[in-house]
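Please go over the structures that come below.
Look for chain A in each of the two complexes below; its partner is chain B in the first and chain C in the second.
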Partner chain A sequence: MGEDKVLLRVENLKMWHAMRRGLFGGVVYVRAVDGVTFSLAPGEAVSVVGESGSGKTTLGKTILRLHEPTDGKLIFKGRDITHTPEKELMWFKRETGLVQQDPYGAMPSFMTIYRILEEPLIIHKVGTKEERSEMIFKALEEVRLTPVEDFAFKYPHMLSGGQLQRVAIARALILKPSLVVADEPVSMLDASVRVEILTLMRELQEKRGISFIYITHDLSTTRYFSEWIFIMYAGHIVERARTKALLQNPLHPYTRALLAAIPDPDPENRKRFREVPPGEPPSLVNPPPGCRFAPRCPYATERCRREEPPEFEVEPDHFVKCWLYVGAR
Partner chain B sequence: MSSRVEYGWRATLRELFTYKSAILGIAILAFLVALSVYAVVTIPYDQAVKLWRGSENVWINNPRNALPEWWEWFAGKKLPRTLVLDSRVTGFGVSKAVTPVVGTDMKLVTINYIIDYNYDDFPSEVNIFFSARYQKNPPLVKLVVQKPGGEEIEFPRFSLRAPNDSLYYSISKDVLSTLVSYYASKHGGVNVSDRLTSIELTFGRASREGLESGALEVEKGMYRVRIDAVCFGEDSDLDARIVVYGKVHGPAGTDNLRRPLEIALLWGAPVALAFGLTASLLTTVLQMVIATIGAWYGGVIDDIIQRLTEVYMILPFLPFLIMISAFYKIDIWVILAVVIVLSIFGGGIKSTRALVLSIKEYPYIEAAKVYGASNARIIFLYIIPKILPPLVPGLISAVPGFVFLEAALSFLGLGDPFLPTWGKVLNDAFNAGALYRGYFYWVLEPAALLMLTAFAFAFLGFALDRVVNPRLREM
Partner chain C sequence: MSTALSVRNLRLYFSTRKGVVKAVDNASFDLRKGETLAIVGESGCGKSSLARALIRLLPRNVHTYSGEVLLDGVDVMKLSEEMFRRSVRWRKISMVFQGAQNSLNPVLKVGFQVAEPLMIHFGVSKEEALAEAKRYLRLVGIHESFADRYPFELSGGMKQRAVIAMALITHPEIVILDEPTSALDVITQANIINLLKRLQSEMGLSYIFITHDIALTSELADRVAVMYAGEIVEISDAEEFYRRPRHPYAEKLMASVPTLRTDKKLEFIPGTPPSLINPPPGCRFAPRCPYAFERCLRESPPPYEYKTGSFVRCWLYHEGKR
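This part shows the complex of A and B:
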């Protein structure tokens, strides 16, 4: 990838949350994100998949600079924003958007939908009052909340979860950002509206050429959505590849386990034994010295427990962080 | 998630009116507001202060410690009103005649008064205020009282000591001895009881038994009073005003300085409402803003605010206030400022902070941060609108506390030195020993108004609390 084609570059990003233990205990760190490296091209959608506590949400928030990274580098459009103070980040805030998991909590209950969508425009001093109104109605139309006049002056509690999530998408897109982070945008919605919301997001993403980071714990939805899949485990990206490659040829033992866990409606499956590695993810306060997955990995060797594996590029654009592939290429 | 069907102020108000307590509270409040407006419009501030602080002369025609007029409904008899008869004011019951004595520069001035006395109780006092004009020798005055039954009592002639001399008929020893000797001679050497006063002897139906036992009944009817005066000099004259003081006066009665209590009771309403509402509003709003800022920024700012609050919370509030008011004779608005300053870091900070700490983590705040809302914008447009509704009932319920505080300070004699307030009336009553001496109305009237105010805000506060916090509603 040429430097000009990179929208976001994340280099060895670390986000450690400080935590005080007990009354006299010292400060310990929860290593939610512990050395993540990747780049994102403009217009590309990436799915970040991982179980609870894998650090995927923290990664999303750190990329949006809701947290200041502990270490590493965040480069957006060629500018280093790792430690830029909040006040000088306004241009970056205009370039980014966020769609959250809980559509009810994501809306200030005392504002109308119109006001909710106008807020980002007011903050960034976009347009006159009339121009803003036009933009808001257009945005509502785009997320198919029609007739827009009906929805614009309602309060959030008058809308359903799916409708609110559409408002959230409209809000994330109203500043015409180049990067949107969607943090489990459909996991709180009814199964019936999930696909609709995902298709809508995908459609808008492709139409406008926005880069998307789609954070989810549900591998099955990613294939509709993204060009890339990153698998996260205990603060690391253990495998990243093009969607097709990853789903067809999973390399990391953890990815394989995840894929094996997807329920498949095939009667033959009831006879097949599902190989799920026992145990739980390690503590992020005091992670094991070697590979984070080693305690649960059926293929773990002595080296895995001792030494952290680097990222190996097994095939073009297919990276895996596992000693099994040492010297594969 | 959202159990409330309706939003907005209009819906809240509509819902509020479904509670009887809210309607009652609003009705009482409307009454108090009407009272305040009436007070401010009819008795301007300067006049109220002047009337209330004016010496006894302003109120010389009022009875002392008179009950309110409505007390009659409970007493079941017609209680005497105050009757004023002035020879300078021509009217029914007063006539004046001046006859020069031929050959001299003397004049005979005769003033006739007719007092129609139809009450079931004795008057409280009788005073005669003279107003004479003379060069060298003051007029010689004789008083003749004719009772409805025809008995005529002549008092010995006396000379005025000053142009504005007055005869305190009810307490004068000369009057009493004249009356006693008149009845003693009329009823053949009866032993007149010591317990009888000049008033009772004048307005009572005299009988031998009554005079001896000291229990006389009121004799109703026309009393005629004649003042015969001899004036000396060309340009001399005499006028006199008789005041027969009643036992009831006005809608609220009078105090020991003859001041009608309604002035202070009326003016107490706007003062109490203004003081209570301002103190409560400013304290709540300032506490809310300070707590929100502390909880939002956290760190050192929050630590400073929390430690300050803890120190403030253990400081004894009232002794502090007493000390400040005692050292500096301050008016009510300075007291208000001191009260607000002393309550800014109150307990409200703690509860608001707890609320903000949870709201701070709401996704919508995070979303606002992503699209670049500034700290001030988040505090004032995102957090405060969210925490404001649950704080309103508290604000309303806190008003009586401040009203009572002002009353307590006034009661302790530390309030505003000029303004008549409910607390001050209570203070006066206490100093005059009102409850020992049976002047119950003097204590009960301001106390009732204070309680009414407290009730109004409490009723409203409870109802608002139920509207705003739906979980409090009973099933």
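This part shows the complex of A and C:
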């Protein structure tokens, strides 16, 4: 990726949450994101896939500078925003949007949909009252909450989960951002609605050329909605590749386990057991010294347990953080 | 295969301020011995209410609770609460509740909680019950030393295993699994499903497996019942269901399931399910159904038994349009 085609550059990003242990205990750190590196081109959609506690939500929030990184670098449109103070970040906040998992929790219950959508415009001093009104109705139309007059003056509790998630999308897009982070945007919705919301997000993302980071635990939805897949495990991106390459040729033992664990609807499934590793991810307070998947990995060697593997580019655009691939390419 | 449980015209309605909610309306099905019947549907379709109706754990605002539930030829709906508690609940039918791993009592040791049903329902002494709890913890893959630990010392997957041990310790014939893996990660989920498969074949259990996740049902289901707006709209054998769901709702739901291994165009179902307070007079899916015709909007379709034990509630089949 040439530097001119990079919207966001994340370099060895670390976000450690401080946590007090016990009443008199000292401070320990939860290494939620522990050395993540990647670039995102304008208009590209990336899925970040991981289990709960893998650090994927913290990664998304840190990229949006809702946290100040512990270490590493965040470069957006060529500007280093890693430690920029909050009050000098207004331009960046205007360029970015967030869609959260729980639409009910993300909307103030006492505001109408109109007011919810107007708020970011007011904060960023966009337009006159009339211009704002026009923008709000247009935004509602784009997420197909029509007739817009009906929806604009309702309160959040009057809408279904799917409708409310459309409002959340409209709010994230109303300032015409160049980067949107969607954190589990459909995991609280029913299957038949999920596809509708994801399709809508994909359409808007492509139409407007927005860069998109789709954070999810559900690998099976990613291939329909992103060009890239990053697999996160215990604070690291252990594999990243183009969507097709990752699904057809998964390299990291963890990615393979993840794929093996996910069923497609198939009556043959009930006749067999799934081959998946036992155990659960390690603590992020005291992660194992070598590869973090080593304690569960069927291929782990002495080196894996001792030394953290670097990222190897096994084929163009296909990176894997695993000693099995040392010397590949 | 003989029948473990027969349900006929089961109804469970709730009184609310807004009116009567018909959560389960006229449900009929058989569960065969040693099989898994999956009940699949979206949130609010009544699948969890159906489970609670079977094991008779009901909230206070019940309006109607009627129908037949035959267990070994006895209609247990006719039993008094006391008799039901003594002879059915936990003895014949037990249940793993949704999010149960988070409902363990945080201040009681895991072994004690697993042993509790034995002490309560069978009057077994504490020592004996604790010994049995350790045996069941081993059976579900937890080292017996964990019996003396508290829930917070266990991972999510281990807590779920403990809850499964708790449901099995009273030797039930039927286990209702209500979203048994919904809060777990996919690899942990796969491990739990492997465990449920092994336990079923070792102990000859019959499962009623309730979930919103169609792909997951195929891991266990021998037969699948699809619920929509309080009604069972289809029951089919797994072999048929995953290849060709028959009810238009089931067909569209299947089309909305993303797959990892095959290419398909994802579809979605426009609209939302009807209110269970005043469901539409005809077929409840008709307002969203692409194939609906005049009769669908007017008259509720009875079950159409396309082969023994398998039916679809849809006028298309009655009228020979499919």
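Keep in mind that, in the parts below, the second predicted complex is superposed on the first by the 322 of 329 C-alpha atoms of A that agree within 3 Å, B and C clash if a C-alpha of one lies under 4 Å from a C-alpha of the other, contacts with A are read in each partner's own complex, and residues count from 1 in each chain.
Following the convention adopted for this analysis, contacts are C-beta pairs under 8 Å (C-beta built on N, C-alpha and C of every residue); 3 or more make two chains touch, one makes a residue touch a chain.
Here the structure is a predicted model, which means the values were calculated and not measured.
Is this a clash or a fit when chain B and chain C both end up on chain A?
fit
Touch test for A:Tyr104: chain B only (first), chain C only (second), both, or neither?
A:Tyr104 contacts chain B only, not chain C.
Using the touch definition from the top, say if A:Val193 reaches chain B (first), chain C (second), both or neither.
After superposition on chain A, A:Val193 lies in contact with chain C alone.
With the two complexes superposed on chain A, say which partner A:His124 touches: chain B (first), chain C (second), both, or neither.
first
Given the superposition on chain A, which partner contacts more residues in chain A: chain B or chain C?
C
Classify the contacts of A:Leu247 with the two partner chains as first (chain B alone), second (chain C alone), both, or neither.
After superposing on A, A:Leu247 lies in contact with chain C but is clear of chain B.
Is A:Arg94 contacted by the first partner chain B, the second partner chain C, both or neither?
first
Rounded to a multiple of 10, tell me what angle the C-alpha centres of chain B and chain C make at the one for chain A, in degrees.
Apex at chain A; the opening toward chain B and chain C is 80 degrees.
State the minimum pairwise Cα distance, in Å, between chain B and chain C in the overlaid complexes.
10
Touching chain A in the complex: which residues of chain B?
So the residues of chain B in touch with chain A come to 1-2, 4, 7, 362-364, 366-374, 377, 382, 385-386.
Within their complex, state which residues of chain A touch chain C.
Contact set of chain A toward chain C: 51-52, 160, 162, 190-196, 199, 217-221, 223-224, 247, 257-267, 269-270, 273-274, 276-278, 280.
Which of the residues in chain C come into contact with chain A in the complex?
36, 42-43, 155-157, 185-191, 193-194, 197-198, 212-222, 238-239, 241-243, 252-254, 256-262, 266-270, 272
For the complex, give me every residue of chain A touching chain B.
Chain A reaches chain B through residues 61, 64, 66, 89-90, 93-94, 96-98, 100-102, 104-110, 119-120, 123-124, 155-157, 168, 171, 175.
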